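I'd like to ask some things about the structure below.
We just call them A, B, C, D, E, F, G and H in the order they show up, numbering each chain from 1.
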Amino acid sequence: MKAAPRVLLMMGSDTDLPVMQEASDILRTFDVPYEMRISSAHRSPVRTMNLASEAAERGIKIIIAGAGMAAHLAGVVASKTILPVIGVPMPGGALNGVDALYATVQMPAGIPVATMAIGKAGAKNAGLFAVQILALSEPHLAESILRYRADMDKELEQKDAELQTR
Amino acid sequence: MKAAPRVLLMMGSDTDLPVMQEASDILRTFDVPYEMRISSAHRSPVRTMNLASEAAERGIKIIIAGAGMAAHLAGVVASKTILPVIGVPMPGGALNGVDALYATVQMPAGIPVATMAIGKAGAKNAGLFAVQILALSEPHLAESILRYRADMDKELEQKDAELQTR
Amino acid sequence: MKAAPRVLLMMGSDTDLPVMQEASDILRTFDVPYEMRISSAHRSPVRTMNLASEAAERGIKIIIAGAGMAAHLAGVVASKTILPVIGVPMPGGALNGVDALYATVQMPAGIPVATMAIGKAGAKNAGLFAVQILALSEPHLAESILRYRADMDKELEQKDAELQTR
Amino acid sequence: MKAAPRVLLMMGSDTDLPVMQEASDILRTFDVPYEMRISSAHRSPVRTMNLASEAAERGIKIIIAGAGMAAHLAGVVASKTILPVIGVPMPGGALNGVDALYATVQMPAGIPVATMAIGKAGAKNAGLFAVQILALSEPHLAESILRYRADMDKELEQKDAELQTR
Amino acid sequence: MKAAPRVLLMMGSDTDLPVMQEASDILRTFDVPYEMRISSAHRSPVRTMNLASEAAERGIKIIIAGAGMAAHLAGVVASKTILPVIGVPMPGGALNGVDALYATVQMPAGIPVATMAIGKAGAKNAGLFAVQILALSEPHLAESILRYRADMDKELEQKDAELQTR
Amino acid sequence: MKAAPRVLLMMGSDTDLPVMQEASDILRTFDVPYEMRISSAHRSPVRTMNLASEAAERGIKIIIAGAGMAAHLAGVVASKTILPVIGVPMPGGALNGVDALYATVQMPAGIPVATMAIGKAGAKNAGLFAVQILALSEPHLAESILRYRADMDKELEQKDAELQTR
Amino acid sequence: MKAAPRVLLMMGSDTDLPVMQEASDILRTFDVPYEMRISSAHRSPVRTMNLASEAAERGIKIIIAGAGMAAHLAGVVASKTILPVIGVPMPGGALNGVDALYATVQMPAGIPVATMAIGKAGAKNAGLFAVQILALSEPHLAESILRYRADMDKELEQKDAELQTR
Amino acid sequence: MKAAPRVLLMMGSDTDLPVMQEASDILRTFDVPYEMRISSAHRSPVRTMNLASEAAERGIKIIIAGAGMAAHLAGVVASKTILPVIGVPMPGGALNGVDALYATVQMPAGIPVATMAIGKAGAKNAGLFAVQILALSEPHLAESILRYRADMDKELEQKDAELQTR
C-alpha cells in the first residue's frame, strides 16, 4: 500500500472489517492503491470530518464509507467533500441493515451518496464502482473491467456446463 | 424570546417548521425560553456542529433536533455535545418517515438520541420531554406538568361525557 | 447498590436481563446508584403502576423501561409519572423488535417516551442518556462523560492505527 | 341505550369515533346494548383501569378497545379484566396503523387481545365477533348472525347478477 | 380427552404442532376438553370446510386455527361457521410470519377472525382467550383464570425478588 | 361476450371492478371470451367453491382472481381446480395491498397461485398472462401478442422521439 | 433428460440450485422433460437473452426463472419471449427475499411474470404451475395432477389420524 | 443541447419525466450536456441494451437510469456498459417506491448500480453525483460544485436568519 492512495475506504467500526474487505479485495485485484480507515461519524466526528475534508488534496479520488444501524458515516463524509462518496449499508443489528440502507440512501437533495446493496455484495460493488469511475480517465482500467466481466461470464458459463453433465 | 434560551430547537429545513412548531408551542406553554434554528447536517455541517458544540456554554440544557429522510441531524448534533439530544423524525418523502425514524433511533452504542414519534405528535412530546427533564431541578415546572396532565385527563373526561349525551 | 437509587431500571420479563444489563453496566461505570426491577405492564399491572407512581418520592430521577413485542411497559410507566422515561425495545420474537420499537416510540401526543435503539446498543445508550440528564446538575458527571467519549474516540483511533500496520 | 350494556366500547381519543362507530352500528343492528367510552391508556390511565376492572361486575361481557399509534389501550384493559378484550388498530399517523396493529396483536403470552383488521373493517368485525361470542349462549343471536350472513351472500349475488347484465 | 370437545384446534400442517401445543397445553391446564386436527385450507379444502361447518352441532364452542405463509385457514374456517374463530399466525418461511399475520388479521368486513401474536405466545394466548370466552358462562373457569393470573404475577414477583438478592 | 368463456375473472367485491377491468379490457383486445363474476371467499364461500370446481367442465381454461386485504380468493379457488389460477392483489386498505400481496403470493407448497403486481398493472398483466398461456396452443394469439408488444415498443419509441424535439 | 425439454429452468447463480431443484423434482415426478440452465441477467446478459428468445423455437413451452436480491432474471427473460414466464424469488441476503419478491412480482403493465412464493415452496409451486399449464392440452397430465392432489390430501388425513392416536 | 452529450438520462416511461427533470435541471445548471431518452427494460429491451452498449463510444461518461416498481432499467443498463450507472427509484404504485428502491439498490456482486433516494431528491442528487464524477477531471466543475454548496449553505443561513426575526 505504498503508492499514494486513490480510494479512501472508511468504516464506522472494526466489526465492519469483514464486510469492507470485499471492497479492498476488489481494489487490490485492479491494482488501485487505497487507504483503509476506521472512524465513526458519532464517536470520532472530528477525525471523520478531517479525513473527509482533507481527502481531495491528498490525491484521493473516491471515498467508500461503510456503516451500520443509523448509518450516518457516508452522509457526514459527503457533507465535507465534493469527491464522489459511495455508501455501503452494513447488515446486522435487529433490523439487519434496512435501517442502514435507509439512513444511507435517503439523502436529502444537495448532498448525494451513491448507495450499494446491504453487506458483502454491496461492498464488492462499491469497489467495482470506484474502479469504473477511475476507468473513465484510465483506459487500462477499462480494459481490466472488461476482462473481469468476461471472466464472470465465463465462470457462469462453466458452472452452467457442469450442471448439464450431472 | 428575550430570556436566555434553555432549549435549542434545530431543524434541517424550513419545510420542517410546521411540525417543529408543535415543540415550540409546548415550550411557550410552559414558559421555557428557547431558540429555534434551521441548520442542516449535510448542507451546513459546520454551522450545525458549531451550534451543537457551543450550546452548553450558552446555557442551553436540551437540544431538540428534527429532520427527515436519512435524518442525520440529531445524531450529528449528539456527537458534538453531551447535552441530552431529543430527535424528531419528520414524516413525508416516499417512505413517509420510516427512514427518518430508523436514521434517528437506531444510534450505535455510545452516542444516544432520545427519539420521539414521527411527526407532530413526536414534536409535541419532544417539547414535553424537555420540560420533564428541566422539571427535575425546577419544582414549579413539575407542578405545571402535573396541571397539564390533569387538564388532558379532564378534557378527555369532558369529551367522554359529551359522548354519553348524544 | 446501597446508596439511594437515582435511576429505576424496569423490564417486563427476566429474559430481558441480558439486554438490560448493558444499561446497568453503564450506570455502574458512572457510579450512579440504580434499582433494577422486573415488572410487566400486562402480568403485574398494579405493581408496575405503583413502581412508576412512587418513584419520584423515593428520589428516583429517571426511569428506564425495556420490553418486547407489544411493548407497553414504557408507555404505561410514563402515564403514571412525570419523571423522564427512557424506553428500550427488546429484540426477539417473530418480528425481532420492530413491534417493540413501534409500540415504544409511537406514543401519542401528551405522554413522551424517549426511545433508544432496539436491543443492547439501545440499552447501553439508555444508561448513557440517563447519565447525560443527571449531568445537567452534576458537573462531575459531565466530566466523566467527556472522559468516556474521549476514551471511545481513543479506542477507535487505536483500532485504526492497528489496521494501518496489518 | 337504556338497557344494561353488555359490550363496552372504548377508544383512546374522540378522533377514533368515526372508525369505532362501525362497531356500535353492528351492535345496534343486533340489538345488543352497549356503552361507548373515551378513555386513554396514557392520558387517563386511572379511569381506563377502573373502566376495565369494574366492567364485569356491571354486567359487561365483552370489551372492544380501539386505539392508534403505540396502541396500548387494549393491552392495558386486558391486564385489568378477564373478560374477552377485542382490539381494533386505528389507521392514521405516519405509519398508517402498522404501529397500532403490532402494538395490539403482539401481546406477550398470558394476556390475550383478540385483534381485528386496521380501521373500519376491523371495527365492524369487532362488533360481529362480540355478537358471535354472545350467540354462544343466546340462540336468537345465532339466528340473527345466520340471517346477516345470508344477507351478505345475497347482496353479493345480486351485485354479481347486475354485473352479468351490463 | 374422552369428554366431548369444546374447543377445536386446527392447523394446516403437522409442522405447526410444536407451536399449537402451546394452545392445547393451556386448555389441558384449565381442564377444557379439546380436539386437535390437521387440515389444510388448500390441500384438504373439503375436510376443512366440513370440520368448520359441523363443529357447532358437535358441541364445539370455539375454533382455534393456526397456519403459516398465505395463512387462509382461519378465514376459510370462519366463513363456514358462526362460532368464534381465533387465528394464530405461524412464524417461519422467508417472511417469518408477517405474511401469516397479515393473511389472518386483515379479514374484510363481515367475517371476523380474532388474531393473536405470531408463534408460541400467540398460540398460548389463543388457548387463554378461548378459556376467557367459556368463562363468561362458567364461573369456575373465571376463578381458574383469576388464579392463573395471580400465579403469573407471583412468579414475576419472585423473579423480581431474586434479582434484588443477586 | 356470447361465445363460451375461456377465462373466468373473479373478484371478491364490486369495489374491485375498476381494477379488474384492466384484465377484461386486455381479454377483449385479444378477442378472448371471458366471464366476470363477483364472489367472495369469505362471504359467499359455497358459490366461490362451485365457480372454481365447475370451471373446467364449462370450458374455462384459466381463472383470474382479484381480492384485497387478507386476500384468500385466489388461494381458495386454486384449492378447488387444477386450472391455472392467476392472483391479483388489490391496493387499498390501511396497508395498501401489501397484505393482499403476501396473502396471494405466499401460497404453501402444493397449490400454486401465479401472482401479479398489486393493482391495475397487475390486473392488466393477469389478462396478458392468460393470453400468453392460451397462445401456447393457438398460433393466432401468439401473433397478436407479438404485434401488441411491437406496438408497445413503437409507442415508447414515439414518446422518446417527441422528447427529443422538445 | 434426452426428450426435448418442454420447460426451461433458469437461475441466476449456482447457489440457487438447492431451491430450484424443488421445481425440477416436480417436473421429474410428472415426467415433464426440462432443461436447467445457469445464466445471470447481469453477469451474462447476452446468453440470458438468447436463451429466452430462442426458447420457443426449441419447443420450450414454459420458462421458470429463479433469482435473488434485485432479481431481474424473470423480468429480463419475459421481455424477450412471449412464453409464460414463472418467477421464483430466492431467499437469502440481508432482506431475505423481500427484495427478490418485489423485484419479481411488481412488473409494470405489459410484460407479466407469474410470481410464486419466496424460496422452496415457491420453486415447487413453479413446477406444479408449469404442469397445470401443460395439462390444459394434455389430459394425462390433468389426471396426474388430480392424483397428486388426492395424495396430498390423503397424506394430511393420515397425519391427522396419527395425531388422534397419540 | 447541441454539444455532444456527456450524461445519458434514461427513464422507463414518460410518466417518470417530472421526477427525472430534477436531474436534467441540475445538469443544465452546471452546463453539462446531456441526452434524455425514454426506453423500457421490459417493453423495449433491444433499444435499451443498444443505448447502454453504444453509450461509451458516443462519448457518454455517465448514465442515469430512473424506473419504478420492479425497476430493472438501471441493472439492465449496467450489465451492458462499464460506464458508471446511477439509479433513481421512482415513487408511485402501491408500494410507493420501496419496490423500486430494492430492485435498484440490491444488485448482486459484480454489476454495481449507484442508487439514490426515491423520487425527486434522488433524481436531483443523481445529477449532482454525475457532476461530482466529471469534476474529478475538470477543475472548473469542482469550483462550480463548491459554489453550489456554498449557495445552499447561504440559502439555509438566510432562512435561519428570517426565522429569528419572526
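Rule of thumb we're sticking to: a residue touches a chain if its C-beta (ideal position, glycine included) is under 8 Å from a C-beta of that chain, and two chains touch if they have at least 3 such contacts.
Note that the coordinates shown come from a computational prediction; the quantities given were computed from them, not determined experimentally.
Among the remaining chains, those touching chain C and also chain G are A, E. Each step here moves to a touching chain, and the least such steps from chain B to chain H number 1.
The chain pair from B-H, C-D or D-E that repeats the A-H interface, sharing more than half of its contact pairs by residue number, is D-E. Centre-to-centre separation between chain G and chain H, using Cα means, comes to 35 Å.
Note on chain placement: the centre of chain C and the centre of chain F lie 52 Å apart, centres being C-alpha means. Distance between chain centres (mean CA atoms), chain B to chain C: 19 Å.
Residue positions of chain D with contacts to 2 or more other chains are 13, 40, 43, 69-70, 93, 95, 98, 105-108, 110-111, 113, 117-118, 121, 149, 152. Of all possible chain pairs, the ones that touch are A-B, A-C, A-G, A-H, B-C, B-D, B-H, C-D, C-E, D-E, D-F, E-F, E-G, F-G, F-H, G-H. Chain C meets chain D in the complex at residues 12-13, 40-43, 45, 49, 68-72, 75-76, 78-80, 93, 95, 98-99, 102-108, 110-111, 113. Residues of chain B touching chain D in their complex: 89, 91, 96-98, 117-119, 121, 149, 152-153, 156-157, 159-160, 163-164. Within the complex formed with chain D, the residues of chain F that make contact are 13-14, 17, 36-40, 43-44, 47, 69-70, 93-95. Contacts from chain B toward chain C in the complex involve residues 22, 61, 82-84, 86, 101, 105-118, 120-121, 124-126, 128-129, 132-133, 135-137, 142, 145-146, 149, 152.
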